[in-house]
Structure formats: C-alpha cells, structure tokens
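Every chain is named by a letter (A, B, C and D) in the order it is written, and numbering of its residues begins at 1.
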Amino acid sequence: MKVGFIGLGRMGGGIAGRLQGAGHELVVYNRTREKAAALEKAGAKVVGSIAEACAGREVVVTMLAHDQALEEVALGAGGIRGALANGAIHVAMGTHGVAATRALARAHAEAGQVYVAAPVLGRPEVAAAGQLGIVAAGPADAVAKCRPLFDVMGRRTFEAGADQSAAAAIKLANNFVLGCAIEVLGEAFVLAEKHGVARALLYDVLTDVLFACPAYKGYGDIIAKQDWDRVGITARLALKDCNLALAAAEGVEVPLPSGSAWRDRLIGAIAHGLAEKDQSVVAVAQARASGLG
Amino acid sequence: MKVGFIGLGRMGGGIAGRLQGAGHELVVYNRTREKAAALEKAGAKVVGSIAEACAGREVVVTMLAHDQALEEVALGAGGIRGALANGAIHVAMGTHGVAATRALARAHAEAGQVYVAAPVLGRPEVAAAGQLGIVAAGPADAVAKCRPLFDVMGRRTFEAGADQSAAAAIKLANNFVLGCAIEVLGEAFVLAEKHGVARALLYDVLTDVLFACPAYKGYGDIIAKQDWDRVGITARLALKDCNLALAAAEGVEVPLPSGSAWRDRLIGAIAHGLAEKDQSVVAVAQARASGLG
Amino acid sequence: MKVGFIGLGRMGGGIAGRLQGAGHELVVYNRTREKAAALEKAGAKVVGSIAEACAGREVVVTMLAHDQALEEVALGAGGIRGALANGAIHVAMGTHGVAATRALARAHAEAGQVYVAAPVLGRPEVAAAGQLGIVAAGPADAVAKCRPLFDVMGRRTFEAGADQSAAAAIKLANNFVLGCAIEVLGEAFVLAEKHGVARALLYDVLTDVLFACPAYKGYGDIIAKQDWDRVGITARLALKDCNLALAAAEGVEVPLPSGSAWRDRLIGAIAHGLAEKDQSVVAVAQARASGLG
Amino acid sequence: MKVGFIGLGRMGGGIAGRLQGAGHELVVYNRTREKAAALEKAGAKVVGSIAEACAGREVVVTMLAHDQALEEVALGAGGIRGALANGAIHVAMGTHGVAATRALARAHAEAGQVYVAAPVLGRPEVAAAGQLGIVAAGPADAVAKCRPLFDVMGRRTFEAGADQSAAAAIKLANNFVLGCAIEVLGEAFVLAEKHGVARALLYDVLTDVLFACPAYKGYGDIIAKQDWDRVGITARLALKDCNLALAAAEGVEVPLPSGSAWRDRLIGAIAHGLAEKDQSVVAVAQARASGLG
C-alpha cells in the first residue's frame, strides 16, 4: 500500500520499520531528518515536508508525542489536511485526548478525508518486534482498509467501533489504570518499608500470583530497586496522560478519585526535580510524604 | 506434629483438611461444632473448648475473621494463652492488624509462649488444594518448626523475619494493592462506558498483556459482567481490610491517598445496601457518582 | 478619564455603572447590545464594535466570563490589541487563568500596550454598590493610573505587584478556598444529618463564632435549607474555577488534594443534572454518595 | 448545686473555675493533684479519688482528653459508674467519639444513672471567661437540670436532643470543618507563594470579607507567619479528631473525601517530627509536597 509516515521517534521508528519490512511503499517525514536514516537505508523514501509525505498516499500514519503536535501536523499550514487526497485516511497512533480526537475526526471529515484513531499498547521494543496491541476506531471500511497495516505492526487489533473517541478513551483508560497501579505500588512499598519489610520481599509476594503480570513486574521492580533511571514513560509524560484521562472523564461527567492521588504524587515528584525520571518516581514523592528523605 | 486448630470457616476448614491429610495429629475446635463434621470424618478429634484444643499441643493454629475474634480466642477467659504449654506456638493465619499482632506477640511472650504471624494469600479453593502463599514471621526457630506445616498448607512460604508485625504489614499491603486496583478498575470501566465502550472490550484490552494476572482477570471480569454476587471478599470485609491498612500506615506515619479513594467508594457502596456483595461493588458506587443509576 | 468598557453582564454592568456615575467618559460595548440600555440612559456612549470601544481610550476595562472570551476579545480579529493606542491600558477584571493572564500580558506588551490584571471579589450587588474588593497587578505606573477607577468601583484595592499572574493566582486561590469550604460543609452536613442532627442546628453551631463570616453564612444557609436555586455561582462555573486553580497550581508544581475532592463532587453533581444550580450542590452529590437520595 | 469535677487540664480548669465562682458546691479530682491548687485556693474541695468526687453529687462533670481516658474514668475499677448515685448525672464535656458516647450512655443507663454529652466550642481562655459554646444532648430533664451549670460555663448552649451521640457528631463535624479549612488554607498559601504572592497579602484578601471569622483569622495568621509554635491544637490531637470524624462518618456510612486530604497532610507533618506543633503544620507538609523545603 502507498503509505506516508510522520513522526519517527522511538515508537514511530519501530512501527515504520515494520511497514517497510513488509513491503509497503513508504514515504516518511520527520522534523529532524536524521531520525529517518535507518528507514532510508531500508528503502523508504525520505521527504522534507508533510505535504510530500501525503501526496498520492492512500494512508498517512502519524505517531506524535502529544495533542499539540498532532494538531499542528494535521491542521496547521502545510499540514496533512491540506495535502491528503479526497478519501484518503489519516491513522493517528499516538496517545491523544478525546477532545483532540473529536476535533481531528471532524476536520478531516469536512475535508473529505477519513480519520482513524489507532493508539497502541506496548513499548518501543515491542513496536519494533511487531507485537503491539492496537485499538482502532473509525469508519468500518477505513479500519478494514488499514487492517493489513495493523497486522504487520501488531500482535492483536482491538476494534472499537466507528466513533474515534472510543479508541482514545480506551487508551487513556489503560494508561490511567497503569498509572494508578504504580501510584498504589509506591504507597504500598513505603508502608511495608516503614514496617521493616525489604522491598524485594514485598515485590516477591505481590508478583508471585495475584499480580504476576508485566505492569506489576516491570514497575514493581523499578520501585523495589529504586531504579528511577530505567525510564519507560517519564513523570512528565505520565502527568500529560493523567490530565488527558481526567479531561476525558470530565467530558462525560465522570470523577476519577484515584486519578487525583496519582496526579498529586506526579506533581510532587516533578516539584522535586524528577520530571524526566521514570513515572514510578511517584514512590519517591510517597516516601517523602512519609518522612523518608 | 500435635496440632490444635481453631476456626473452621471456609479458609480454616481447607487448611485444617490439608494438615489432617498429611497425617498430623489434629485436634480441632470451632464455635459452631457442625463445621467440624468433615474433619471429624477424616479422623480429626473435635473438642468443645479452646482449652482442649490447646492442651498438649506443640502448635495451635488459628484462622479467624478479625482482630476481635483473635483477641477473644487468644487472650479471653478460657483462651489460648491460658491453656497453651510453655514454649508452644500459636500460629495465627488470619488477616490481622499490626497493632493486634504486636499485642498478641507480647502477650504470648509474657506467658512463655511463642506467637507466629502467618497470614495467607489465596482463596478457599486454593487453601483446600494446599496452594496458598504464606507470609510467616516470628522467632526463627518457631518458624522453622512450623515449616513442615506450612509446606503442607501452601505452595510457597515467604519468610518475613522475626518481627511478627512485618508479616501483618505485608498481608495488609497486599490487600491494599488489590483493593485499590479494583477501585481503579471501577473508575476506568465507568470512564470507558460513558464514552460508549463495551465493558468486555476494555476488559480484553487491559488483560491482554499488561494486566494479564489473576487480580485483574478475576475482579475485572466481575466488574465487566456486573456480577456482584460472585463474592470473593465482601465489601464489608474489604472495608475492614482497608481500615487495617490505613491504621497500619498511620502507625508508622505513612499516608495512603489511594486508600482513601478506595475507602470512600466502599463506604458509598455499603451505604447503598451492597455490604455483602463482592468488594468490586466499588464500581457501582463509581457509576452512581457519575450519574449512572 | 476616557474609559472603554467591554462586557456588560451582571458584574460588568454594575461596575460600569459606578464609573459612569463618577463622571468618567464612558464608551461601552457588549455583544448583545440590549444589556447596554441602562448605561446608555445614564449617559454612556454605546458602540457596536470592540474597536470603537478602544479608540482614543486611555483605559479599556473588560469583564468577561472566561479565558476564551477574553482571548477572543483581546487578541482576535478586530480585538482590543489591534485598536488600543500605544501606551493605553487594558484592565481585565474577570476571573482568568494564570496561563491566559501571562499570554495576554505578553501580547499587549509586544503591541506597546499595558495589561493590568484586576480580578474582583464580591457579587453583582456588591459591584453595583461600589463595594468590591479588587486585586490589581501590573506595571506600577499603570496600576497607579487606574487607581481612581478602582476607588470608584471598590471598597478596597489590594496591590499585588508588577507580575499580572500574581493577581490571577490570588483570585483563583480565593475561589479555591471558597469552593473547598463549601465542599467541606456539604460533607459535614450529611455527616450530621445521618446522625439525626437537624441541618439548621449544625448551621447555628458553625456560624455562631468560629465561622461567623459571609462564606459560611451564605453557602451554609443554602446547604442547610437545600435551596439550590439561590444561585451565587453555578456548579458549572465553579468547575471552571476549580480547573483554573488546579492548572495554576500544576504550573508551579503544587498539588491541591482538597481541590480534587471538591472537583469530584462538582462533576458528580453535574452528572446528575445540577450544572446550573448553585455550586453548593456538591452537598447533593455528597448526600447521594452517602446513600441518601 | 453539688457538683463533682474530674479533669483539670487547661480547659477543665477554666470551666471548673467558673462553677466555683458561681457558688456551686464543688468537689474536684485530678490525676496530678497540683493542677487543683488554684481551685482549692478558690474554695473547692480537692479529693484524691474519682469515687470521692462522685459521692453525694447530683452532677459529675468530666473534661478528659480522649475516649480512652473517659472510658477508664467512667467505667474502670473505682470509676464514676461505681460511685455515682442512682439518678445522678455524668456530664462529659470533652470531645469524644460517637461510639464511645453511645457506649457510655448505655453503661450509665444500665447503672440507673444519666449520661449527658456536652462537648464545648472554644479555647482555654474562652472557657475561663465563661464564653464557651456548649452542645448538649441527653434526656431532656437531665439537660434541663444541667442548664444552670451550662449558663455559668458558656455564652450559649445548643440543645441537640435526647440522643447523646448527636452532640458528639456535631462537635466532631465542627472540628472536621475547622481542620479541613486549615488544610485548604495550607494548600492555598503554598499555591500563591509559588506564584510570588506574599503570604500576608493572601491573608488580607481572604479575611477581608469572605472569611472574616476567627477560624480563618486565627489559623490563617499562624500559616501566614509560619508560627507553628503558637499551638491551639497539636497536630497529634487534630489527627485524633480527624480519625473520630472519619469513624463517626463510617458508622453512618458517609464518606468524607476532604477529610482524607486533611488526614494525609497531618500524617505527613507528624512523619516529619511536627506532632506537637499547631495543627496548621499541614501547611508545612503541603509546602514539602510542592518542592519547598
């Protein structure tokens, strides 16, 4: 398929590599061109503008870090909406807010284009291995058309219906559940520690059966070893996700009390200079609130 | 070993059955004698008083529902402390508070007896199958002496040191992490539902990889299907556990903000008549707070 | 002084009336012209565009409902920035966010104009009586120049320095303290009610000495009498203020845990259809969370 | 009237002094006898046991620091219940929990005595001046009989009906509203401070009109001046009150989300060694959670 790809960060690079490897006709664009080098070597055509990455493409995929970047790339001067052919599809695979998702879907529809929200589950190495989970929502025929691409990028695609915001909501709910789980772990480890329990022991107990899954094993291990430099998602990005979840919830009049506890500890950690450490530094804020450190 | 066993509820009955099956010399006592029938048939001796269950025993195991029951059985008139031989061991396997655990340890020590805190991880069917996790703390030689019993009851024993309260803290931390995880799930399911997402879909996404573990699969399924009658732990008992965790944390000057969100929803669910339903009814309180129902 | 005035809602109308009454040369603009009728009768000149309200004015005052309105009126096409003379002053008296305040100050400075943030304390009837509290921040000479206007509008002006965002922060902090106080009252009234205490009695006890002040007497009376139609600020506007306070706090890395409790109850009340009732309907959400209604 | 008085701390001493000054026949008891010296000089009879303070008295007043002290003094060996005449009245004026209040009322009723709960509002200097607020509940004739005593002790008596627990609930609700107000102030002062606002300025704005009452003026001034040694109620005692309010609320199935924010900051302050400072040190915990200090 003729595919454009915009946004070659750690996630985007891995995903684009999968598409290239599968023989799709790939044109890629990234603001800093150097990041496209590996793809170029693999055969992708590297272009210097968003418009070129859209010209003649059936599908343009974006993988961008936040709503503002997406809005600029899609709707700004020289953006996707101005360059994409009638009937072509913009597949946005970043984690985006519900409001931004709605706005994008409307804007593309008004321009005779189709918007598919397809946020992903998994880290860069999972993306590079084509093992992502993908949550896709948008008009059924557009999702069906993208399906071969999703099959190359991921291990499993969850179809979430025609309303793009549902995919956004699912992804935000997933990140919310994860972030709050990490917050709770931070609270529990400090509780146990002040009772003289070694962190490694609590880790073993929790992950033995009840919480024997990647979320708890991964982040629990970081907290147990206080290895805050092993960054999955930074505290700053986690705060962005947290705010997106709270905004998505407010939009449908849902309070998220656990989210506030998570958010407050993230802010506390950032206030102490830990914004670029792993999001599990909520455990550091918890320790400080408990008189440690 | 000559073992006394007090408290033959669903958990206690299963554990005692394992001991009897392994050939230990078992004397059992339960307030309502009928619950001892199966064990009697299997060869255990059923007695009519706590004192008889202690007389001549090397180890007496209790599995009681809350601190008050434990304190009465152990320290009340006609209780364990008055009947247990010098040097004999009281192994308490229920979920008990840190303060009660400390008080019990001291009281037994003053009477020349030994207290081992050994709360368990797992549900009644797991107990009956001898597959529990056991968190044991107490004087090293006493724990070592109990080890053959633990090996019969459980799949794995976590040794938590000489201070009994550490075992209590670990067990409470475990239940805290579980309860908060359920609360967070409740919040997330309602968030997604009000965005038009089917509960089964969010369940699939969450438990696919990141949260592919018994805690999320079990309680997530109850919430997804709104099957509140599938009771693991009742809301009322969960509130007891929550309060024990908060008290244990206060005792070492640790705030647990996520615990407050969990506690408030439990209270809300109980206020609406759901005390005896599964603890996942926090999701019902969350739905109500969001204008549903 | 030659004053332009934009935004003649209930607050703006009262304030503009004070300026007109004091003999200032007033030119007024409101999107819906009818609201200017009373001022016109009193001698003010009513114009049909923002630009006309700015032309030749030394000071232009805005009293607008939210950040978006302010940004459009000040920075949009045909807005204040395009029409105001070099060196002239824009005094914004609405409740605005810290980020918007910063952006406005910068935009006006770049255009050679001066921005003064001067949010007010008091309700419409207080404004009409010239008894407002005013919190003013901006370049010292500009604030000094506005001082005669403030003296006509208000009972007392609090000077908050040269940084406009300080005035915004103070106003948001004030509204935050008020909103949280109302939330706490709602919690307390339900606590007492479920113990059989008449709401009027708790009201009397609280406001007798310790809380004998307008905030508690006013909102306490609404809650005690469940008179939600006596609207000071609607729940929807309170949620806007709450979000502004949380955003202002996040901007300087401050968590506001009490604000989350307030926010969650506001969202809950709105979810139950109470968005346009008085903000004290947090007490209704609290009652519902407690099994009442 | 023949009055016994037990508990001559700062509050009790002031109240007993008022009774003595009004010509009542006073017999007083305090665990540490020295505290009775001033009353003895004023004409009160000082005795060495609780029983002597009860013998032949129509009314015995207690002013004790917490539930445990009250339970020991009233129900312990040599306690009030054993010594008080049939039909005589025990008036408990301390701040006590709802559960303890119920237990005491029942215990005295079973002994043919009458229990009146009459917690007070006001600080020691207010008590010494006879200007307390008194919230009284109990059998109507008993409250009526105590009325002349209340009139000497206080400025105003709020009658809360026959159920003693209502008075306890009102007092706890009052302290809850106060504690949460202090917590909110702490959050607001740090929010403003990190925006460069002087604490004295925010204090002036808040207490100018909206919050012009003793609660905000008193505790706001402590926070503004960071004068934590000016102790009204210690953080430790505030935590006790907070826990009593949460327990009273749980007893009637009411969540108190703002109370959790307050409680967490109290625990945080205590964890940093501030237990004996004024309860407004929640503002110190808030500052620390925001990266200050």
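One rule holds for everything that comes next: contacts are C-beta pairs under 8 Å (C-beta built on N, C-alpha and C of every residue); 3 or more make two chains touch, one makes a residue touch a chain.
This structure is a prediction, so every number in the text was calculated from the model and none was measured.
Using the contact threshold fixed earlier, the set of chains in contact with both chain C and chain D is A, B.
Where chain B touches chain C, over half of the residue numbers in use are shared by the two copies, so each contributes mostly the same positions.
Between the Cα centres of chain B and chain D there is a gap of 37 Å. Centre-to-centre separation between chain B and chain C, using Cα means, comes to 53 Å. For chain D, the set of residues touching two or more other chains reads 249, 253-257, 260-261, 264-265, 267-268, 271, 289-291. Remark: chain A residues 98, 121-122, 133, 135, 156, 158, 160-161, 163, 165-166, 169-170, 172-174, 176-178, 180-181, 183-185, 187-192, 194-197, 201-202, 204-206, 208-216, 245, 248-249, 252-262, 264-265, 289-291 touch chain B in the complex.
Across the interface of their complex, chain A is touched by residues 257, 264, 267-268, 271-273, 285, 288-291 of chain D.
By the touch rule above, chain D contacts chain B in their complex via residues 239, 243, 249-250, 253-257, 260-261, 263-265, 267-268, 270-271.
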